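Across the two complexes that follow, chain A remains constant while its partner is chain B and subsequently chain C.
Now for the complex of A and B:
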């Protein structure tokens, strides 16, 4: 069914007034001068500093170190500071955190048995790290998270039950440098040959990262 | 006129049988109309000189427990007043008269409402599904909707990766390129993956040689159900989802959502936060217009200007990384403020960058805006008159290029735009007629210059203070309805929220500029060359996820 009444395009394509031949010549003159104008701009950039950098191997330092502190990269949690309050899990809009806190029936102590972050689902919004009062859950500047299977994107931060932190906000053990915990947990897809500086795909039979053995 | 006066005027004309009441206690008042009288009331609202409601901002359906409702939000450009209309429909057979010929933008709005809520519009010329596939069963935004677990053997839910995921079985390829010759015309698919469609959109072209008989946009490839998601997500947590409505202008959707919720829960935003919002928004506007103008040039065939704009946009991305931690999905604003303060070094960096950037705009003009071939290519192509633009609900630069002097930032000042000085760019018909593709291009380039001015003032005048106001821990607004709008890069970003006293909204409708921009293409396409369609799409600055949401 035809829903719209056809309206042909109004007006003439040429905007130049005057005699046809003069207008035609004017068009050609204007077109060629403006082409050279544009080429002059392009040429001038041959003598200016290029804005591009050669990622990933021809840079002075890793991109992770160039990024600002507040960058919202892959999440990591410092379990030594985590109080197991679950505020982050409640704040997450898409339920990508999976935290299990258990109670030891004998000692009455609480343990974080599981702290999983599904970075395949995470949308890096930063609402969970804002909810954390203890500086435990943080975004890092790590962003190279590619993996060969979805399972590798499920990060297990609790390799064994960790007792919950009883420190008040702003106290407790010092926060470990951002990214250091994550690099222990995440399974690297590539390994860099130190001698040649070339990246190789990690071998399929590589021993599982220490964090893979989840106690469940 | 206030909504009460409009209600009185309608009562005098139609009487209490047709005009059933005024819901004045709502934040944005709504007049309830008998469904049978809707067309007459709508025509009167548009045509009566003292009312002159020429712009249908929003049309949507609501699934209430006792009835279906259709809601119309109207606005008048000449009189600058607004009001809502509501018709309650029978739950068993929700049917109402179509208003597609009164406001042409209703055509697509009604298609979407039928698709997602299941309200039938009698008299609509082309009531097909818009977002969902044609063979979809049910209407997803109904409250009793049950999602099918499988669609064409594709599971509709994703299991947690820790559980054993089933192997996906994809159906055999059924899609064959449609190219049928009927008489003298041919049907060609342009898209879904076409570099000039700026996202995943399919255009069904009926062409006669190089001349288009009709181009029918087939949208919905990026329909992620963000409105449905907002119904199950608490108010504060919807913020990151609004980033995804329009990925090139996340700041505006953030701002609109924050403003709508602030209206609902009555929260004051500290002045410094308002300035932070304006600075972030204007940076985003520059970045978005750069993509729009650069990509238009690239579609036409000029690749260099796009790369030059991307180089400048890189600095905005770097600044955004410092300001909010992300380069595209900013998620910067919060209800009652912003997530982080913009510190003085960052403000200084913005000011330094602006000094560097302004000559770059001149350079861009030398590269492309004043290029005679480029001008000839765009001048007088797909001219949109002011009446067409208003009737089709075009907003933002597309509307202004057609000669309508309207900018929400100046005319309905929100945030701190009232304190800042800037000029509203209106199409002049510089090299062709007013409202052609070149005007739309120039409008955006000039708006970049205005944004630079706004940024300078905002960075220098930003007051000290808090950036987050006092907000209750659980946002639980009482039952109410609100419509908040901001001037985004692609025009009016409207947020219509129906609250019912829960932690989640009852119904959310995102009104976006690309949706109405896309709906005018079918109207403009007859008689265009195929290559000019590319110029039309590019000049309208249509962003696919914003159409589909």
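Now for the complex of A and C:
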């Protein structure tokens, strides 16, 4: 190989120029030793633990539990803490939240009639959950959102009208574990069998935790 | 009963009570039946090797890349190759509209035939060989050239730039590397004094110091020349330029689909066995069983004969498997060569080296009497050198492993040790 411009590279054979036989022998030596060393490196990997995590079934614990707290997975809303202020809907840059709050003309109570999150539209920016003052809307570490139908990506959290929560920020019923509400609502394939069948809109029985103004 | 014809004659005598098979009018029919049977067995062996090998190679590749590899189809994924085969079988067999149809359709079969033809003269065990040809080595050098024709036809017939490049590259590569590989085998032929593959094995012995590879320093070099040339002839990495994914998409087979595509890969993986078995035959003592000469096995009858034959096959298969593993490991160790580097390796390094070793071997053959003092000293020296190299290799593997063990434990909280027999 004769290149037009000789480029002096460290470890190049420029030092042996003018001695073709020596350069030739050096090439052979270098090739054999480097192949020998290379084989020793790859062989050592036969004895090392593979880095593969065998998602989804052959793992020690679910990936959802390995994810960090700040992970922005699929959104969920705890309607027992939601005040129906619609701050999140206003904050959402792509209108993936659809909230309808109605007023009962007799009791003057306000009800959340619809709280839909379109996870097909959501871009997981987290602005809505930051806007929420009541810790109601937040991201979970759930991420398995594949579904057989586009309609399944529209999550209906308000399966029946729920009275709005009237507690102040930092009070009210305890926030349920993240993901527990979403798993009852979501339809997509992989999370379906994780459902517990608990009605996520019913207030928890054991600790009643009735905030003062709660109706119903 | 040393070859297929002997077996057929024996069968004619035994089954049809014909005293002289040569004068019996239906002898050719029985011969034809035995040829078909031998062909079927050999195809069965090639398929039984190529299929699982495609799975094993992917598992080895996985471990070397810190992955696992296919492990979902069946226990540990051993049915992966069957799933792949069925998938390819069910796929549409597309012929491009602008392709040269007859050439395009014929090419995979030529490639396969070129690879499969070598099985005629390849020994398997002490007395298991399709035909112990007098010109065995010549046959083994000549018949793989059919692969070049097939690859060129595939490249040209596809009417695609990438395929043509792949075909032309493979032709240049195979034609070049046949020279050092032929010279390397010529040295062996000189020492053995025969071209027959069984004869070459018979000229060696069961113990390492009786193998041709350790007979003298030049034959040791010759082995590596042959091994590198065989790699290049088999289009194996790092010489897999004809199917360089990064530049030619997939080379000569880029336009193929379905079963025709599988034929190329079938030939490639079966070729792993062919080249390793050839290296084992020529340099590593073949099927020689320690403490049991082939003549004594031939004199045996019944199950004892079958048992010793099976043992000799196991020894042969073991040596071949070690070489196959090295070939696979090389593929995942070395990056692909450039075209000019490929040609440089052959014409500036391997051809002169093979000429030097051939001349040196001739001199040694003339000057050093076999089993004399000098001969034994050379053999002993070569075995010692090989043992030292093997020890050094193990030491380097261990050092590479130990270099990362502590860091891994600190970072992952787990032991790094995960030997190959522990299947994830």
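Assume the second predicted complex is superposed on the first by the 144 of 216 C-alpha atoms of A that agree within 3 Å, B and C clash if a C-alpha of one lies under 4 Å from a C-alpha of the other, contacts with A are read in each partner's own complex, and residues count from 1 in each chain.
Here, contacts are C-beta pairs under 8 Å (C-beta built on N, C-alpha and C of every residue); 3 or more make two chains touch, one makes a residue touch a chain.
What you see is a predicted model, and the numbers here were worked out from it, not measured in a lab.
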First, second, both or neither for A:158, with chain B first and chain C second: neither
Chain B versus chain C as contact partner of A:35, first or second or both or neither: both
Touching partner for A:139 - first (chain B), second (chain C), both, neither: first
Touching partner for A:71 - first (chain B), second (chain C), both, neither: first
Touching partner for A:123 - first (chain B), second (chain C), both, neither: first
Partner chain in contact with A:27 - chain B first, chain C second, else both or neither: both
Superposed model, chain A: greater residue contact from chain B or chain C: B
First (chain B), second (chain C), both or neither touched by A:101: neither
Partner chain(s) touched by A:51 [first = chain B, second = chain C, both, neither]: both
Chain B versus chain C as contact partner of A:82, first or second or both or neither: neither
Chain A positions touched by chain B in one structure and by chain C in the second: 1, 27, 35, 37-38, 40-42, 51
Chain C contact footprint on chain A (complex, rising order): 1, 24, 27-28, 35-52, 54
Chain B - residues contacting chain A, complex: 100, 107, 125-126, 160-162, 165, 214, 233, 236-241, 243, 304, 311, 314, 321-322, 324-326, 329, 331, 339-340, 363, 366-368, 370-373, 375-376, 379-383, 431-433, 436, 522-524, 526-528, 532
Footprint of chain B on chain A - complex, ascending: 1-15, 27, 30-31, 33-35, 37-38, 40-42, 51, 67-68, 70-72, 91, 93, 116, 118, 120, 123-127, 130, 139, 150-151, 153-154
Residues of chain C that touch chain A when the two form their complex: 60, 62-68, 326, 329-330, 332-334, 340-341, 344, 348-349, 353, 393, 396-401, 404, 408, 412, 414-420, 424
